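Next, two complexes with subunit A in common: one pairs it with subunit B, the other with subunit C.
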Partner chain A sequence: MSGPLVLVFLSGLFIVISFFIPRDPFPKVELWALRWYYIVVGFALLLGVDSLVLHHLRRIRRGGMQAFYSAVLLIGFFVTLVWGIVAWKQFGSPFAPHSHFLWIFMNVEVPLEATMFSLLAFFIASAAYRAFRARSFESTLLLVSAGLVMLGRVPLGQYVAVPLLSAFGVLLAFELYHRPVRTPLDRVLYRGGPVLVLLFSGILVLPAVFPQLAARIPGVASWILTVPQVAGKRGIEFGLALGGLAFGYRILFGMERGYLR
Partner chain B sequence: MFLTLGRIPKPWIYGLVFLAAALPFFLKRTFPAQITPEVRAVYDFIESLPEGTPIVISTDYGPSTIPEMQPAFEALLTHAFRKNLRVMVMTHTTYQGLMVAQLSLDRMAEKFHKVYGKDYVLWGFRPGAAAVVVNLGRDIYSVFDTDVKGTPLKDMPVMKGVHSLKDVGLVISLTATSAGDIWVQYGQARYGFPLALGSTAVISPGHYLYYTAGQVIGLIPALKGASEYEVLVGNPTGPANLGMVSQASVHILLIVLIFLGNVGYLAQRHTRKRA
Partner chain C sequence: MVAFSLWMALLMAAPRMDLQHTEGGVNVQISGIPVDSSWSLLRVVGTDTTSLGTLTVPETSFVDTTLPDTGTVTYLLRRPDGTYAAQAGLRLETAPPSESGEGETPAPPGWFNTDRAPILIFLILFGIAFFLFVQWTRAGRPIFIRKIAGLEALDDAVGRSTEMGRPILYVPGMTDLDTLPTLSALSILKYVTKKSAEYATPMLVPLREPLVMAAAQEIMKEAYLEAGRPDLYEEDRVYFTTVQQFGYASTVAGTMMREKPGAIFLMGYYYAESLIMAETGNTVGAIQVAGTPAVDQLPFFIAACDYTLIGEEFYAASAYLSQRPEELATLKAEDIFKALFVGMIALGSLLTSLGIPFLSKLLEVH
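Up next, the complex of A and B:
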């Protein structure tokens, strides 16, 4: 067990040192180590192929509808492999320009992947319709910001954004008005100022300043992307980086051994 | 009546999304995109590069994102070829990036009468993501000794004076993967070369971090960014601008659907309370 741990410690430590001391011999040895990385990646790919083929052969042996799908996958895999080897022989690389291997790419892979990815639009639309509800202040804030970014980043979106904001304002005013009043503060909130402001802005102010407001929507969308979005994201990234650092430290010193299993 | 607004059947939603996405392509109408500072920054930077400056474009995306990414790649090639820059194309996170590059590279080069090996080159694909970027910063030939056709890179006139990424005028990563982060963290931060990022809509919000911090010179975020770049290079009716109309109609439909869903939700809540 200690052999791989020592190897990981030494290679990890070496890469860290070479990052901070960019003087010979470190860069040269780092280059050599990174070449070894490509070799390891290549073997990892072979392991993946082995695992994929064995898994689907087992499914074919079990039979049923799943066996059919596995057979299609294996046929596709081996046809692509043989085709690639033939193209390699003829053109020096299967990916060389004018290689007939590109036919598979253009006529099988591109339409298949494009179809899979396009389906997302339908699922996202359906999911957004069902899940995007103004249930709380936070969800309402998210909904309004998402709406502004979605409409502010597309042509003509700004002209739709203002009437929709008006409609959301009126909707929110009605929602607040129908909330039960239990305390004096509830009375102020649900029967007073905020409701009136939402109604007033929804019915009168927004439509009145429509052209001026519409012109500002793309700017507002850009601001959301570059200020509050970046602030939140940066916090997450700091957290991730610190987590990554701690994880790297644990691997380097043999505290994390999951990769040995 | 309001209750039914919260229960629109899925097939109806799918049908509406299909119509909203497909119809604009038949209308063939475009609306010029408003230029944002992040896209203009990339354009202005390329515009400021002297003739013959080498630039590297890394196409780190696959077929699933061709409609979103390819227009940006073609607009960048248009700009670079028009400016007589030396274009070097590579990929390091997905082998598919090599093939998507080939879909446009030769065609665009032919349009601008550019010669392979003299004005542009396709380095090819090397796996290794971060390791590739680290090595390119030191020595390009240690990663790509030959181009995609197997010709030694050192023998090509297009590579004259180019030994590492420090010798290129600009690196642009067009990505649908984490390649943008890799380029910033292992490339730009370490070697300090000018870097621009283009990405899909899912990834681009994360790239604003690097833009606002000054680590990248500009961004081409998603189809919107590509449509702006098309306008900047004088092609306001290009594929990105055509696609943006479709995207706009789907976005508007989505917001309307969300509004209707909320009306239905509130109506349902009030009905429950009364019951």
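Up next, the complex of A and C:
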């Protein structure tokens, strides 16, 4: 074992031991190490600033449209830095009320972040369109369960669920019926499937006649979220826990060195 | 620098909570939470869950004064994204130690936290299986590991990018060097860099954390050297951007739109920004391979990427790619324990349904 690997082993083992021994010196040394970690992270930010400034200076030297964006970035960076230092000297903290730094933060940084976050709605819509296309049995199942969950989670859902799902059922039956039949399995799926879907759509009309059944749609949505969804998620989480543990063992015993130079 | 950073990173444990039962209530001390985020503290008593408020560094302690007289109290630490980071509990069966008692010295905590005994037993058992399989392969016996499509696709993605004459974009996640997902992402980075060096395809690596940047630069330099092409390494292609979550997402999305990479690798831990990156990558027509232990972000990657490493596949990547029998053997230990878990869940469910909660009580961790 080389020097860095010995250090990794000893420090990793210390953390594992301190997890089980709540008595000093273990918690104290752990806290000391934690403080040192934050000190290292703080100083490492200087490396980041160095990389950021040099990267954009090189791009400005190269010229072109990207040089303009890099110039905007560097001006923004230095203006914010200077105002931060000024506010620190004036008010004792850059985030003090009435400081110019706080004004920049609240009126530039926060709206920009909020804008990016808001764009997520459109990205979700386009990804959902791709994921929910009924190309296979699995994606159809996903589409139906997602539709039920969406209808069950909004107050208006239980009123519009019946006509929407019935109409969806008719469209799905039509789509399946027009698929080319190449194998005996296709015959079962694309000829028997539409009949089943139409029957299901017909059953769905019943809640329109008996409104108390429509009121159960939020319950169905909750069941999907708390039973099959959680079961799938926990399966993945078990795998992750074991995978993480094996990865940790490999690091601890020096078998995993990909992260080292 | 990297060795020192990694040493410090490994010293840094996951967020944790320490509880101290006093006359005034329970003092909850929290350590290891990031400086720039707000974390929530919840209390669970029986089936009742109560939110105790939000904690922001440097405020990392809370005194809970509204406690029941007896019973088990569990505290949960919730991340800003809604996932749980740590939990700790205690039984309120005895009176708390007196603070006013003159001459009384509080007894120091014991040498072993018995509440965590099941975890220790599990760690030991897993360790035994781990080393048994390593010895098994050292003796020259073969083991079978199933093919992982996402990892098989890494070479194809690099090859496709080379054919198209476009660069490769590698994003190693949102977390710092003190987390397993980032370490795993860096291991995969080394493999991908070596491949790209063999084909002389440029690689772009925008980064969010300065420590990860320092590690990534060293790893890539080494990978280019191992591939025999140190002349191709350019430090300007492995650069720091911003620590802000959506600022970073917009940088990555902007790089995708401007540079039009042929292959995009999204490896590591992601939050809400995952879909912004994956959808933008899909828009530019790049072949995308993603891998994350963030279960909530997996559906987004599955919808928008060509290949996704699900669950433990992400952590298995470095062992799988190295193809060293010793490392592959550790994956076998995982499989054995997964089968054991399935058996215990089935047996535990059956016993609990029959009114015998022995197994669930045995595995309870406070």
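General observations
Basically, the second predicted complex is superposed on the first by the 213 of 261 C-alpha atoms of A that agree within 3 Å, B and C clash if a C-alpha of one lies under 4 Å from a C-alpha of the other, contacts with A are read in each partner's own complex, and residues count from 1 in each chain.
To be clear about the criterion, a contact is a pair of C-beta atoms (placed from the backbone, for glycine too) under 8 Å apart; a residue touches a chain by one contact, two chains touch by 3 or more.
Note that the structure is a prediction, hence the values are computed from the model and not measured.
For the composite obtained by superposing both complexes on subunit A, the positions of subunit B and subunit C are in clash.
In the superposed model, A:G3 makes contact with subunit C only, not with subunit B.
Of the two partner chains placed by the overlay, only subunit B lies in contact with A:L171; subunit C stays clear of it.
After overlaying the two complexes on the shared chain, residue contacts for A:F117 are found with subunit B and with subunit C alike. Contacts of A:V160 after superposition: subunit B is touched, whereas subunit C is not reached. By the touch criterion defined above, A:S93 reaches subunit B but does not reach subunit C. In the superposition on chain A, A:W103 makes contact with neither subunit B nor subunit C.
Of the two partner chains placed by superposition, A:F68 touches none, neither subunit B nor subunit C.
Contacts of A:F78 after superposition: neither subunit B nor subunit C is touched. Remark: of the candidate stretches 99-107, 171-179, 243-251 or 261-269 in subunit B, the one overlapping subunit C after superposition on chain A is 171-179. Residues 19, 27, 30-31, 34, 37-38, 41, 45, 109, 112-113, 116-117, 124, 126, 128, 130, 233, 237 of subunit A lie at the contact with subunit B in one complex and at the contact with subunit C in the other.
Subunit A contributes residues 3-4, 7-8, 11-12, 14-16, 18-24, 27, 30-31, 33-34, 36-38, 40-41, 44-49, 51-52, 54-55, 58, 66, 109, 112-113, 116-117, 119-120, 123-124, 126-128, 130-131, 233, 235-240, 242-251, 255-256, 258-261 to its touches with subunit C in the complex. Note for the complex: subunit A touches subunit B at residues 19, 27, 30-31, 34-35, 37-38, 41-42, 45, 92-93, 95-97, 102, 105-106, 109-110, 112-114, 116-117, 121-122, 124-126, 128-130, 132-134, 143, 147, 150-151, 153-157, 160, 164, 167-168, 171, 174-175, 178, 218, 222, 225-226, 229-230, 233-234, 237. Residue ranges on subunit B touching subunit A, taken from their complex, read 8, 10, 13-14, 16-18, 21, 30-34, 36, 62-67, 95-96, 98-99, 102-103, 106, 122, 124-128, 131, 134-135, 138-139, 142, 148-150, 190, 205-206, 208-209, 211-212, 224, 244-245, 247-248, 250-263, 265-266, 270. On subunit C, the positions that touch subunit A within their shared complex are 2-13, 18, 31-32, 35, 108-113, 116, 119-120, 123, 126-127, 130, 176, 178, 180, 183-184, 186-188, 190-191, 209-211, 213-215, 218-219, 221-222, 236, 239-247, 249-250, 258, 272-273, 275-276, 278-279, 293, 295, 298-300, 302-304, 310-316, 318-319, 322, 326-327, 330-331, 333-334, 337-338, 341.
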